[in-house]
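In the two assemblies presented below, chain A is common to both, partnered first by chain B and then by chain C.
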Partner chain A sequence: MAATLRDVTTYDLKLAAPLAAGFVLFFVTPLVILLALSFQTDPQGGHYGLTQYVNFLGDSFSLGVLGSTLWLGVKVTVLTLLLGYPVAWLHQRSPGWARGLIMLLVLLPLLTSVVVRTFAWVVILGRQGIVNATLSWIGLIDTPLKLLYTEGGVVVALAQVQMPLMVLPIITALSRIDPNFADASSVLGAGHWRTFRKVILPLSLPGIVAGCLLTYAAAITAFITQSLIGGGQMLFMPMYIYQQASTLQNWPFAAAISIVFLVSVLVVVSIFNALGRLSRGYANA
Partner chain B sequence: MLLTRRNLMQTALTLGAMHAFPGLTWAQARPLVFATFTGSWEEAHKAVLVPAFRKAAGNANIVLDPMLSVDQIAKVNAAKSNPPIDVMLHDPGPALQAIAQDLVEPYPVEQSAYYKDLIPAAQVPMGPAPFFQVVGITYNPETVKTPPTSWADLWKPEFKGRVGITNLNSTLGTGFMVELAKMHGGSEANIDPAFKALEALRPSLAAVAANPGQLATLFQQGQIDISPGNFNAIQILKARGVPVEFVIPKEGAIAFKTTIHIVKNSPNKELAFKLIEAALSPEVQATLMEEPYLIVPTNTKVAIKGELAKTLAKDHAEIAKKFVFQDWGKINEQRAAWIERFNREIRV
Partner chain C sequence: MVSASPNGPASPRGQTLLLDGITQRYGTSLAVNEVTLDIRGGELVALLGPSGCGKTTLLRIIAGFLAQTKGHVMVGGKSVDGLPPNRRSVGIVFQNYALFPHMTVAENVAYGLDARGVDRATQRSEAQRMLDLVKLGHLGDRTPRQLSGGQQQRVALARALAVNPSILLLDEPFAALDKNLRLDMQIEVKRIQRLSGITTILVTHDQEEALSMADRVAVLSQGRLEQFSPPTEIYDAPDSLFVNTFVGSANLLGGVLVDSDRSAGRVRLDAGGLIETRAPKGDLQPGSRVTVCLRPEHLSVDPVGDDAETLNGVVEMGLPLGATVVHEIRVGDGTAVKVSEPRIQRTDLLAPGTPVRLAPVAPRLASVFAAA
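After this line comes the complex of A and B, so read on.
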């Protein structure tokens, strides 16, 4: 019998065709149009060149906006990681019923719209908001602190809004770690802290990297939270693009900024990815 | 007929496609699409203008698609030959852009029953103004004991850290800057004095909102006590019990005419005309002038009454006197540069 056995380890790529077609039609095509638009020298069209890119890259103000946006993402990601990791850890160490509760609390914010969550932060950070009211009740401050419309406010609000994106991948990574490893580590004489640092943390690195990547991408592009909590005195890339495209109808410049932003984000993402590959090697070693 | 799997699939796909692309089945008429503004404007238009239009147009179908002026322009621009909107509503800046980009039809003035009754400032051949927006000073009467009387009051030392403004993305923010320039010897063509005045206002600023809607939130949260504000936006806050008052400063109120336009290449020009006629009619304007809408009418046949007469002006002659209309043709020429400069100078 020379019947060829079907190879079950490879899949027919045709199954992915509808998704691929949708991707080309609704993502790649607009991106190509965007790229073409960014080479127009003026909004009326006609001439093509690098004018828009020269305008952006040769302008310290525009570069400052780009830099502060990327830096904002770093701050938010670090804060989210510091706050999110313990939550994931707690989830891992809790009995069954508490796990369900923690998971519900982590997922709950995803069930409300970002606009609602952000407005809640306006109420919390306002002059008569919860933070200021509590501080003045305790007697720590006389006049309300300015919390809303500051960068600190934006970072805190974004960290809360994006928290599930960090916690969920870390929970997944932690749940894959064999509990025997921690036991083995303590049998061999390591304390809790050393076990965490040398065993748990390295093994959960893939989850951390995935979480950071998601949080970072979401934080720097969060138009709503950035503008509602940051106000008109803070300019980040999403607002800059909106302003140029919508208010000023300067589509070529808006397109060029978008491309520059996209490329910068891709660079950051590839750095994260490289870290991720390193960490996988580390975890499997 | 035997129902094969293939047959079933084809039917399902066709039905699905018809659902996803309704244009396939609508060879004939689509409903009239009116892009009004969001929030209170949408509410007012849904409650008053739409019923009046449907009565005049034999129950024709109409869809409200509320969005900002600039977004209306972007949408129509993206599909000029088959625009998804039939009637646009614009602030003065975007209106001129839409006209310059050849997106709107001239209004059939000779056929109109009401055009000639509009006050002169509202008679725009490319799209008449069915109402005005009025910007004056908004303040919190619980913390501001003596009502402000002039724009200059925003610089008073007692308002240090209590003043709110918006950035120049909005008509309100830009109009306020032009007014500042005029107070200090500048004009639509010379904005320099406004930026100098703004620099002096910096210590007083509690917030630079990213859009005028945010100013309302800031009043509600007690974040600011005084700001330039839109009369209609304030009425909504007042109705919700927030302590805010509106005054016209002695320099006059900044007024914007909001114009309504038939979109070029619209398949529904007849209906669009009927909708605009309804918006200009004294009946609709008189109803919109009452509580809770308080929208300033442009038809001289509408006698000004109630809250409007009390806070704004008692008749159209006083409107002409108290309202300052700005030259948006001039403003548009340099607006991009102003926004750029504002971005740079106000950034923290």
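After this line comes the complex of A and C, so read on.
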């Protein structure tokens, strides 16, 4: 028995080898190089030290970019959750054919290129865009609102783009909840709202945590949407890194802020994961 | 078989429940067809039938999860038709118990009280009282997952009873328990039901469970009420061929009705012999084709005699089953008939091939229905 088990293990490892090799070559190695690069004191190479990190952490502009990027992620995640949860709920409550339709609508953003989706938002939010045209036609506004190149615009566009990442895990979590729970709650005298608050919401927490994690990670690193909708006035970490590396050719500094960004994201992800472990305590009964 | 008296005292706490001409239509199919049940306060009624007979639909209608297409549900003489589940004062024990996994046992039991705005201290003491009633007073701080199946069921019962409902609904509550535990829990539930005097509906497909626990049994088939009677009556005097074959086992023999009156009938069996039966069900004229139902214990196996008017056959197999002996006899028209006799009366198995005569142990035991 033990021998068989060991055989199975070695077999598995061999099968995973190509992927592992690719992972080491294209992920671990560049990361190590990036880390090494971040300790170079000068773009021309030579000395190693903490200069780049000191520069970043001592610079209020850089810290501001980091802060606004992390904060942007929070806003997008909250908006996506607020808009996505009802969609997941509706999906759960719908008859079969409507479920298929909702699922298609949820997945639709994933089936279009991110560039196309983002340019669609440019069209929607622009000065002559659909929103402004409609509002002025109704007569609510005289001059077009500035929607494009604002943080609000970025948040809305990112929320739409990342919606599937939020809705799908919540749908999964909701579908795992025994429908008898809601029935039991209701015969015990609870109305819809109490049933939701006391039973459905706590039991769907694992899905919420997973959805938030994915949305957050995707939102703060969404280079294309951030740059196109945000425009030149707003700077977030991915664009900041790009500028330092590509435009200013300051590779060590770009590497250092990448590492700082990576660590910040990891911290946020670990917090989410800890929450997820806590909430998993009472799902999967 | 434990059969409680159908005319047992109705508890003053128990509310009457009247299902008045309930019909439930799904598209073109009728899940429940004109079912009327008048249930006394404090009574335990079993809804018995195979899956798809409409018993679960009826339960969901009583609870308010479904609005019936036609008919009325009256609790204590008042219609509850327009009320949502949370205002019907109904308690349910689900087949899988549906205990909230993210709450402790005590929180589960207190849930309904909390929903009713009862203060914390009362919630705690009431939950404790209910847990004591189901003998789990010491497990309030556990989570449901840390409990065994039987314990979870007790918690589910305590949770349902904590809000002092008018009606208690049990949805196949024993199906998930193993056999020994099931009997214990059936006795326990019956004890608590008697103690609280709450009107109770037990939905089950298990005839033994229905017959042993219920004051009256409602047998359902394809959405229609086949019979609503005390357990012994269901078993001894079934109203329909379906009830006769669904509850207990029955030998079905074809025959022709010779004559009948209000109390008895006589049927000439295709397999041979004239048999005296209970009064036929329905309006049957002499000469009609009928099906005679004989339970295995209604027959005895005797040596072949000279009398021509008997049901003769040949032993196919004999099985000693502890307290009883069962013989399978192939009779004249080729039907295999099972005969069950107490082993005290028959110590030896009959060898296969032995020619025998089958005789009813008493007259008027067999039921007669129009031939299907």
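Following the convention adopted for this analysis, the second predicted complex is superposed on the first by the 266 of 285 C-alpha atoms of A that agree within 3 Å, B and C clash if a C-alpha of one lies under 4 Å from a C-alpha of the other, contacts with A are read in each partner's own complex, and residues count from 1 in each chain.
One rule holds for everything that comes next: a residue touches a chain if its C-beta (ideal position, glycine included) is under 8 Å from a C-beta of that chain, and two chains touch if they have at least 3 such contacts.
Quantities reported herein were computed from a predicted structural model and do not represent experimental measurements.
Enquirer: Could you check whether chain B and chain C clash or fit when both are placed on chain A?
Expert: Aligned on chain A, chain B and chain C fit with no clash.
Enquirer: Given the touch rule stated above, what does A:234 touch, chain B (first), chain C (second), both, or neither?
Expert: Only chain B is touched by A:234; chain C is not.
Enquirer: Mind telling me which of the two, chain B or chain C, contacts the most residues of chain A?
Expert: Counting contacted residues of chain A, the larger count belongs to B.
Enquirer: Which of the two partners, first being chain B and second being chain C, lies in contact with A:249: first, second, both, or neither?
Expert: After superposing on A, A:249 lies in contact with chain B but is clear of chain C.
Enquirer: For the superposed arrangement, I'd like the angle with vertex at the C-alpha centre of chain A and ends at chain B and chain C, nearest 10 degrees.
Expert: Taking chain A as the apex, chain B and chain C sit 150 degrees apart.
Enquirer: Looking at A:270 after the superposition, I want to know if it touches chain B, chain C, both of them or none. Which is it: first, second, both, neither?
Expert: neither
Enquirer: Looking at A:180, would you say it contacts chain B, chain C, both, or neither? Reply first, second, both or neither.
Expert: second
Enquirer: Once the two complexes are aligned on their shared chain, state how close chain B comes to chain C by Cα atoms, in whole Å.
Expert: Closest C-alpha pair between chain B and chain C: 46 Å.
Enquirer: After overlaying the two complexes on chain A, where does the chain B footprint on chain A coincide with the chain C footprint?
Expert: In chain A, no position sits in both the chain B and chain C interfaces.
Enquirer: How about chain A: which of its residues touch chain B in the complex?
Expert: It comes out as residues 61, 119, 122-123, 126-129, 146, 148-149, 151, 227-228, 230-235, 239-240, 243, 245-250.
Enquirer: For chain A, which residues are in contact with chain C within the complex?
Expert: Residues 178, 180-181, 183-191, 194, 198-199, 202-203, 281-285.
Enquirer: Help me check something: in the complex, which residues belonging to chain C touch chain A?
Expert: So the residues of chain C in touch with chain A come to 63-65, 84-88, 90-92, 94, 96, 98-102, 111-112, 115-116, 143-145, 159-160, 163.
Enquirer: Sort out for me which residues of chain B touch chain A in the complex.
Expert: Spelled out, the residues of chain B in touch with chain A are 68, 70-71, 73-74, 97, 161, 165-167, 169, 206-211, 214, 217, 221-223, 335-336, 339, 343-344, 346-348.
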